[in-house]
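Scrolling down, you'll hit the structures one after another.
What follows is a pair of complexes built around subunit A, which joins subunit B in one and subunit C in the other.
Here is the complex of A and B:
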């Protein structure tokens, strides 16, 4: 290397030093038309080498100034000339702000430096290795679209746009994270979304000042209304159809680069019981299944505590034969029912956590030990009664009926509180707990919308899609509280 | 607003610690009492309690050991509550009373009066009141509770189930729970009855495991007919027909069998499907009368005679016979109550009171005399609806 003036060298070194002499900064030097020394800078692996070669390097190498209309281009507008007539890539920009340029360099741009120019051209040729669009892993359905978001926010936004082909689907992007510079985009349908919620989202995002955002969960914790609550007030999904449906209801989506989980606000209590499949299946079965989800929510929350309360305080509530049966199972069990339940629940949580975290190869070993130890050996050894295993199992299974993982997490935590209340005060304690829970739930809000709406405050019109789902021809309006602007979903057909 | 919330929270917190009766007990610290028997010895009560041994009854254990499924604990004390607490000296667990299935009262105690023993059961917070009360006829409550029963491992359960089934399918028995009994004892112009239980066979042999190892147990528990009370005191027993009559008048019949003699020998049995009785009191010029209206529907269940039941006239004839029989049963029952016991077990006084309270206020003082002379008018409608799956019986066509 050695062509070009000292000033040109310095300019190149400026970038090199900014990146700590990092060897993955590739510098390709050349002479345009055999006269103007130039350099192309890019990060190894962040750009698509093929398109860099086809649309940037090749045209630059082959261009002859004499072929262009200007014989000897004035050095002033050489940059513009290259942009206008030579370079073939899509997105490019002339800029002199080296800080900005470095950011672009790090997000997949190539930078073209010319001798004797402060300004450079950045050319977007990003080409990162990325995951394909696959089936959703966390929110699977039997009937419905089988695609899920990926880690690339551009792909994710495209997936949503493919579902909503409306010019009113607007996007606002910004980078959050002083170090990571993560791209966070707000997505909404401007003709439907409520301005109040939108302004709130913008304001809350603006307040975030952190070094890094690596997952949408970071954003969720920053923008939620109340920090200390077991309940999620921001909905998340990896399903484009769920997000599109939310946008059509007038909610606002937040797409964070680097994670397949897209946020949706406001996230109300009932949203966590709705699955996208509810709307794909016939309304009768959807309604029944939705009711069953609420039932499963109650089972997951109350089953162990009710068992503790009834068997240690309210034995008179059981039918005689059931009581004798339960009593015979408890003969010889050395622990009180509460300790027994606690032991089993904690064991289950440990097994679950191990199951999620452990390497796939040892999975079988752990699950065998888990089933044998809890399911059988503990009962046979007389340490745990068989009915307790049944209770813990039904509880565990019920907590996965909820279509959203966030709600089942809250249930798992609250369950232990209720077990404690049941062990000390019986059903009375459970009732006190339920009162407290209802107070808390009614006190929550998500982006200014009451968390329990449309149940509390009760909105009769929105009951059509709360506990039940009426058939589509009856779903005439969008949810009222979220939506003030554009309520009509469809024209009523007489 | 915040202040109000705090006050509310405070009130709730107080409520936590001021609740009445709650008590943490593990299931394996309870002695679940299913049967209770009370007898009187001198002026002390003898309490016998049948406690279940859950390990022996559990369905999972198919191979039954030699242990008895129930254990009996006994205590004698001047009051029942004291007797219960005395029991802890020989029971390892506290006797738990919410699941009593039967309360059995010895006949001699019943003749002395059952009022004093019932107070504890109606007062105690732990008890449910859905168990049946029976009188141990001709024996003590203790010996009734000692008999081991086949099929239902727990004798108390067997008594409960027997009475429950037979009161639904067999007219002479009737099930009395504690609250029903107490309400009949305190209602004016009404006296209670209770079902009796008797030991058939050899009581001593019934107490051992061998009793349930035989096809025909040496001793069994059988429900008997009804015991008549006057106030709290047992004064005698009705026989089977009188018990039936009682239940017809009291509208206790859900289903039963009724036998009618055929004109040319043999008999026909009817299965009662529905029966509805209305008792109305009337006072006409100072003269009280009772009108009993019965409407019954039945099927033909069994034909053991040569009778053409496909002929509508035969059905009419049978209906008439059945009607006459129903009236006879009721008449017999009323007559026994009027003349032998002079106890208004049917609540006729109550019916008079309802129709003419003014008259009742004067009549109630000498109701005993009035009752024994009371005019009772019967009106029975009897319908035979179906003849079963065949027409005439093949009995008629048997050759030779």
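Here is the complex of A and C:
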């Protein structure tokens, strides 16, 4: 081992032992200006070696104290001198807190130790292998920006800042997770965002005390208003434009390092039916498509249960010829409609789950089996009726119309409850189920804001962008309930 | 069940739902029984007189705007007399809630699902009732707000789809039986929709008032009455007075008549959503009034402990209140109006006189 006093060795060993003699802790020892022994510590793979070399190692190696104005710097200000005149990197700090330093070491900092100094310099030279900004995989659009967030929260914040160039776009960062030390940032436009929601977000984030945060879903479950509900009360998106639009409405974004899914609160029921494309397309077609989404929501939720109710209890509702057709199809089917529907819905859910998890290469095999088994063989074998196949298909397709995946998950779960109610009480059962569901929805809130607003409580002014979207020149104000501070979106043109 | 606030708009919707309540289903037959072809005139007369009654109830609540009926009774009549009076009202709320649960149950078991046991329907309803009460009055009001557009849409669909079946001749002769039957018929338009607004004496203090509160209340009561009159009128126009009078649920019989293009037929099970919404909300408000009234009478800190016991009470009482539907109808026609008038007209008048008397006495003593 190189030169240096025993004290210097101990100092280096302190770091080495804290990391359990891990071989990926690289220790580069050197002598600054041939006189002061020093060591640079960094984690292999967490730093960008090129910039470490160019801006840290090279200047340190080539510096001669006699070139600087001071002849031989006094021991106290050597660190300051290095920071001020020698090192070329951007973010650095002098610190003596070894726990803090180890945290920084593990998040991509290099640490410079000097002999006879307790304090060290940490230099941010993080450089991680990361994914490029690509097209969004979950919320794709025909017209609109084609970029999505990545796993790096800095990149994500930059993507949002590129859309909102306003000094009032403020950021508050903290690290959550005792072990993972994940960086979680709150992002909001201070001149618009509601202070009530903001304080609530801060308070709820502060309460989290867990060993690790690996995805924004962890945060979501901690900060939602009600834990036991099938409905999402926190919005998530991997689209920077969606998040930017939310910020402009006065909502608060939560960016979690390590995931492309950024959270947006408050997340109300109607938000899960809005797509960023609604605002890019013309208002007439966007309004119609939005209405269609609500229709699809109802189909996905009620189609199987209505089929069960009508075929079991209310046959009189069907036109006679259709009823005869149906009856002849169901003649050979051994199960009651409820069991038939349950069988098919569960089969579909299994196929769907398999489709998501399995390796791409076997995907085709499963889809062929699925199509043949469900589409034809099951009908021919007389296990189910052909109408049931149609019902299951329309249900499955409708549940993917929702622009946000979180809402289709709720629908998939609730569908089975409604099927049970329909099987035992017919349309009356479905009606009671709807009442119960609406009571639950109206009881929910997201960060203190009623979940069903602006439908219940009804706010006439916000109807312009709820079920319909009026043309942009008519969208004069921001949503009223989320936002009371800065209502005006545009100056009215006379 | 925290004491939430409800907006004037939500109050108006709840008032409208309570006014329409079970009357939409049973009033046509009761009114047509007496007034025959002139049932619609009874309806109009009922709206006028009923709105006056609603005004009286509203006026009573304005004497002590921040007190519910139970608190009002206590300040006015003292601890013991007030307590007895409040208990009477609680009994009224309880019986009304149970009777209306029974009404839905009877309707479902006689018309839609004859093979389902009555108690199974009651169980489902009581579970839903508790679910609603557990969520609190704010949630109840919001739910009413969310369901109201559907209520209106289905109601308008019902009226419009029946337009082709209307025969104006069925209204003739106008006033052929004199005025007395019309007056007799109008009692049923006053009593079930308007007298049962008494439940709002427990709710008015929760309303966040604005300058339209008085107007909106009266408007909602009048509109509700007009909706009932419209149903009575269309029953007479489509079914004729004889069938209307002899059906238990003439509105349901109306919905069966709908036929559009030969494929949309027999949609009555869907249209039943109209009265199930209105009756159910009336039931909820009565159950809410019972629970809050009870907890205010006995100064309970947490109303939620009452949920489970009252669920059993509602479930049992809904079944026990009448041995069968014939008995229930007989009771409803002959005795229930008197029971309702006692609580909506007689007792409020007594309370008002006591209030005036006390104020005068206080004015003298000062």
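Everything below uses one rule, namely that the second predicted complex is superposed on the first by the 494 of 494 C-alpha atoms of A that agree within 3 Å, B and C clash if a C-alpha of one lies under 4 Å from a C-alpha of the other, contacts with A are read in each partner's own complex, and residues count from 1 in each chain.
Keep this in mind: a contact is a pair of C-beta atoms (placed from the backbone, for glycine too) under 8 Å apart; a residue touches a chain by one contact, two chains touch by 3 or more.
Not measured: the values here are computed from a predicted model.
Chemist: Taking subunit A as the common reference for superposition, should the pair subunit B and subunit C be classed as clashing or as fitting?
Modeler: Taken together on subunit A, subunit C would clash with subunit B, as the superposition shows.
Chemist: Tell me which partner A:313 touches in the superposition: subunit B (first), subunit C (second), both or neither.
Modeler: Both partners, subunit B and subunit C.
Chemist: Quick check for you: in the superposed arrangement, does A:377 touch first (subunit B), second (subunit C), both or neither?
Modeler: neither
Chemist: Just checking: does A:346 make contact with subunit B only, subunit C only, both, or neither of them? Give me first, second, both or neither.
Modeler: neither
Chemist: Would you sort A:457 into first (subunit B), second (subunit C), both or neither based on which partner it touches?
Modeler: In the superposition, A:457 touches subunit C alone.
Chemist: Under the stated touch criterion, which partner chain does A:332 make contact with: subunit B (first), subunit C (second), both, or neither?
Modeler: So A:332 only meets subunit B here.
Chemist: Does subunit B (first) or subunit C (second) touch A:323, or do both, or does neither?
Modeler: A:323: touches subunit B, not subunit C.
Chemist: Is A:432 touching anything from subunit B or subunit C once the two structures are fitted on A? First, second, both or neither.
Modeler: After superposition on chain A, A:432 lies in contact with both partners, subunit B and subunit C.
Chemist: Does the superposition put A:146 against subunit B (first), subunit C (second), both, or neither?
Modeler: It touches nothing on subunit B or subunit C.
Chemist: Flag for me the stretch of subunit C that overlaps subunit B after superposition; candidates: 41-49, 113-121 or 149-157.
Modeler: Residues of subunit C that run into subunit B: 113-121.
Chemist: Which residues form the common part of the subunit A surface touched by subunit B and by subunit C?
Modeler: Residues common to the subunit A contacts of subunit C and of subunit B are 313, 316, 425-426, 428-429, 432, 435, listed in rising order.
Chemist: Provide the residue numbers of subunit B that touch subunit A in the complex, in ascending order.
Modeler: Listed in rising order, the residues of subunit B that touch subunit A are 12, 15-16, 19, 22-28, 30, 32, 34, 52, 54-55, 57-61, 96, 98-99, 101, 126, 128, 154, 157.
Chemist: Within their complex, state which residues of subunit C touch subunit A.
Modeler: 7, 9-10, 108, 112-113, 116, 120-121, 124-125, 128, 131-132, 135-136, 139-140, 142-143, 145-147, 262-263, 265-267, 269-270, 272-273, 276, 280
Chemist: Give every residue of subunit A touching subunit C within the complex, in rising order.
Modeler: Interface residues on the subunit A side: 313-314, 316-317, 319, 425-429, 431-432, 435-436, 438-443, 450, 452, 455-458.
Chemist: Quick one: in the complex, what on subunit A touches subunit B?
Modeler: Subunit A reaches subunit B through residues 311-313, 315-316, 320-321, 323-333, 336-337, 423-426, 428-429, 432, 435.
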